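Inspection log for the structure reproduced underneath, given as structure tokens.
The chains carry the letters A, B, C, D, E and F, assigned in the order they are written, with residues numbered from 1 in each.
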Amino acid sequence: MSADAPISRFPVPKLSEMPEDLRARIALVQEKAGFVPNIFLALAHRPDEFRAFMAYHDALMDRPGGLTKAEREMIVVATSAANQCHYCVIAHGAILRIRAKNPVIADQIAVNYRKADITPRQRAMLDFAMKVSQAANEVSEADFAEIAGHGFSDDDIWDIAAIAAFFALSNRLANVTAMRPNDEFYMMGRLPK
Amino acid sequence: MSADAPISRFPVPKLSEMPEDLRARIALVQEKAGFVPNIFLALAHRPDEFRAFMAYHDALMDRPGGLTKAEREMIVVATSAANQCHYCVIAHGAILRIRAKNPVIADQIAVNYRKADITPRQRAMLDFAMKVSQAANEVSEADFAEIAGHGFSDDDIWDIAAIAAFFALSNRLANVTAMRPNDEFYMMGRLPK
Amino acid sequence: MSADAPISRFPVPKLSEMPEDLRARIALVQEKAGFVPNIFLALAHRPDEFRAFMAYHDALMDRPGGLTKAEREMIVVATSAANQCHYCVIAHGAILRIRAKNPVIADQIAVNYRKADITPRQRAMLDFAMKVSQAANEVSEADFAEIAGHGFSDDDIWDIAAIAAFFALSNRLANVTAMRPNDEFYMMGRLPK
Amino acid sequence: MSADAPISRFPVPKLSEMPEDLRARIALVQEKAGFVPNIFLALAHRPDEFRAFMAYHDALMDRPGGLTKAEREMIVVATSAANQCHYCVIAHGAILRIRAKNPVIADQIAVNYRKADITPRQRAMLDFAMKVSQAANEVSEADFAEIAGHGFSDDDIWDIAAIAAFFALSNRLANVTAMRPNDEFYMMGRLPK
Amino acid sequence: MSADAPISRFPVPKLSEMPEDLRARIALVQEKAGFVPNIFLALAHRPDEFRAFMAYHDALMDRPGGLTKAEREMIVVATSAANQCHYCVIAHGAILRIRAKNPVIADQIAVNYRKADITPRQRAMLDFAMKVSQAANEVSEADFAEIAGHGFSDDDIWDIAAIAAFFALSNRLANVTAMRPNDEFYMMGRLPK
Amino acid sequence: MSADAPISRFPVPKLSEMPEDLRARIALVQEKAGFVPNIFLALAHRPDEFRAFMAYHDALMDRPGGLTKAEREMIVVATSAANQCHYCVIAHGAILRIRAKNPVIADQIAVNYRKADITPRQRAMLDFAMKVSQAANEVSEADFAEIAGHGFSDDDIWDIAAIAAFFALSNRLANVTAMRPNDEFYMMGRLPK
């Protein structure tokens, strides 16, 4: 339905024009997902930034620790919705549905995470992430005490904050480039396998 | 005066405990600046994130293009002031004074960039950067037309947006970690050489 | 998955306890939709308000005029997303997908209507609706001139404003009652018939 | 002084052109108040919406329950002032003065309800109503506990919320139509009978 | 009705305890108004501040120039309403009614100056005053050009800005001290002489 | 570097054209500071307002009481930074450095007072001052209790509030007049004597 719509307001290089390492990375994600998420193509306009972005993303999202992969995606979806970022809400909403094996959780968190079907611990995680995302200048020791009270370690808290901070960057890039989510994302994880 | 104040709310590794490449990078900046900016120590808590952060920073701030190095720092100071980030305003204020060879410009931009002694082109650059920083969801083609009218190329505009976006990340990390600017920064660039 | 979750924070009457006209109305919607949307059950707690609410809803949404039914739902989804209303975004998102025969439009509008695949005329419609929803006190003749310039008649403009105003009411009721969208809505209109 | 000023930005039908039931309703209010409040004329432009609006209004404002009629009007005045609605603040300010037999209470609540001469229970009622009016997406169980602590039943709380929600609709309609309050309202209830 | 309510949260000196010049000033206003406006009593707690406040007030409000006395009061009422200041809206609302010989203008401006029965020139005056009051950091040459286009001289513009700025001070003092408007103000200027 | 930049958007009288008392006051400050702070020249455009402004300033800033002179300047810097006022942040930042004998405190407070090297008592003082500056309409008895709990007397609290209120005025005047801080202020108090 939207085959001709541009995926970025800025130039998008052809695969054949990209540096070898970018092509390898893209081949990898394509093999895994079955398609190439547009963010890989849009950011390839700037190979050095592409590499740093992906390295940062993987360092935060694939890291072992006290947060599940689904919880990391919850942070992405909640903060990206607050920043009204098409690409991030729709693409990471899909990933969240798959990670959480829950077809409705992403829409719930995107609209209003306060009313989503999540645990009190996850609610505290998202409250902290949202404060980092929207008012980091006001984060105080009271906020740390509150979230630590839900069993998060200092390492977990760094993860929560860093993911919220990284998507503050990502949301702005996607909004300025008018980055378009692939059509595939809308349905991913909505039907039982 | 503040020798004992912690430089981060999170653990800070000793140099001897850091991976070799981090130590090399820190040795380099120390040789150049005469001291180790605290951000290198604070982020070393997470080596993978340190590497991605520095790679991203350098890709944006050292890149050739239509923006001078001073102008890139103007974007950092203006957006970091809006986000009330101690480390970024004070450290990058120092760098801006040096890059611009102007002892007052950083304070002017930090307090209210609309009243700073800058050119109309620089004002347009900061207006765009501030919109990316504070309301990227509302960036529209009218904003692109406005800034392009001041002679910025699409590549320059990407730079402006990407710097504003990267410091959206950086400001949040610094605020959450309560990252402390080194005392050296306060006076840098204020006196004629 | 959520069969036991309450559909309202307030008491929900059994069908058998409801006045006859409410039961008739509910039977009608059930026949048409295949299930009873929770708003009918939640509002039945107050029969007089139920009747006024439904009468108002139908007067605005089923009225002939210059706006298509899909366009009316676009207004609902955009303003309800701004008000972070679970029930309205998810239920009316489903209706919008069906009315527009477009599986992605509702998610696009909910996240950021400025980036959705809509016509300039629809964009002007949503800009006006959002101003009524979020800052009606600032609506001015300049706003009327802008939207009239896109071919909307005064009657259309009343419709746009009245729908935005009615869902200002509806969003608040749904948020206060923690009204739960039926699970059925999440998938409606996402797959081709 | 303002006999010629339009009472709505949209067409206002003559009494003789209105459906019989609207005329009857208007005759009733005229007999009671001594004049026809402009909202009846302005909304008569759309008879079906007029009927639903009035039915909803009466269901909420004339309902028996734990809130006095004066308290219901306090909610209207406080939330309508926050929404900067001429018609609602001035017309319902008049009704509040009469219901409360207090010539100054409406002005006090309109300017800043936090400083008005009201009871702590009424203050809690208005705090809750204002949250529904201005940030219903953030209403939480803590808010319910707070207001319940002042002796309000769940039924009272629904009333408070529904009145705030209904006037969210009403304020937007009045602002968009530039609905003009009748001159009579300004003095009503200011002098002892 | 409110004879016993305190007029300030802070101590209020007796007339007999005040310095002679304060007593003289108060005697003057009492003779003119028929009562002592509470602000004179509340501020007498600090005689030096009282003197500076009154001198500043008179320098701005009694100054000859291009603004009428009624227009000066319009600025006070509009900005004080935005700051939700009981004393200033109610006391200066009374003065505005008298100066403008208009019983409804103060209520109109207090609720929403954009909908008040004022001239386009007065609307421009209030738009500028409100920007000074609420976002002086964003006042630009475009704002000066706009208001100058309505025939205001630079001297008039200083007056508008200075009145808005002075009541930024006054509103904050009155709100912090919970300064109570005299009951007399509510009815002043509402009835024809 | 900026010898030719105008110090005000409005006319600035020559010293020889000023009333004798203004000249005397200016001579005094020049003798003390070694230069004439621009605010004295900019406000001399309006001698009566100049006199009231200076009288008010001195009444608040030179008054004996529980706040040190440095603490008074902290209030000025924090609130003026929130209002983005060039003149006030830069000039009073200089005075704060001198009063506090601390070369970094002003920059810390200007960027984010929550992260500055101040005592908990000073933090409470600035929290209260900021609420007066930014949301005086919401100041409540809970705020008074909080600050009193840090040992501030009612007289101290009046001082804090009045300074925040006075600079609400001052910041707006300086922003509207585009008042330029003297170059001398930028370096004052940054080097050990």
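Convention: a residue touches a chain if its C-beta (ideal position, glycine included) is under 8 Å from a C-beta of that chain, and two chains touch if they have at least 3 such contacts.
This structure is a prediction, so every number in the text was calculated from the model and none was measured.
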Interface numbering overlap (same over half, different under half) for chain E and chain F: same
From chain B, the most remote chain by mean C-alpha position: D
Chain of greatest Cα-centre distance to chain E: A
Centroid spacing, where centroids are CA-atom means, of chain A and chain B in whole angstrom: 24
Chain centre separation (chain A, chain F; CA means) in Å: 44
Separation of chain B from chain D, taking each centre as the mean of its C-alpha atoms, in whole Å: 51
Touching two or more other chains - residues of chain B: 84-85, 112, 137, 175
All pairs of touching chains, each written as two labels joined by a dash: A-B, A-C, A-D, A-F, B-C, B-E, B-F, C-D, C-E, D-E, D-F, E-F
For the chain D and chain C complex, residues of the former touching the latter: 9-11, 45-46, 48-49, 51-53, 55-56, 59-60, 63, 83-85, 132-133, 136-137, 139, 144, 154, 158, 161-162, 164-166, 168-173, 175-177
Chain F-touching residues of chain A, taken from the complex the two chains share: 137-138, 140
Contact set on chain C toward chain A in their complex: 1-2, 5, 81, 84-86, 89-90, 102-104, 107-108, 110-112, 115, 117, 175, 178, 183, 186-187, 190-191
Residues of chain A that touch chain D when the two form their complex: 112, 114
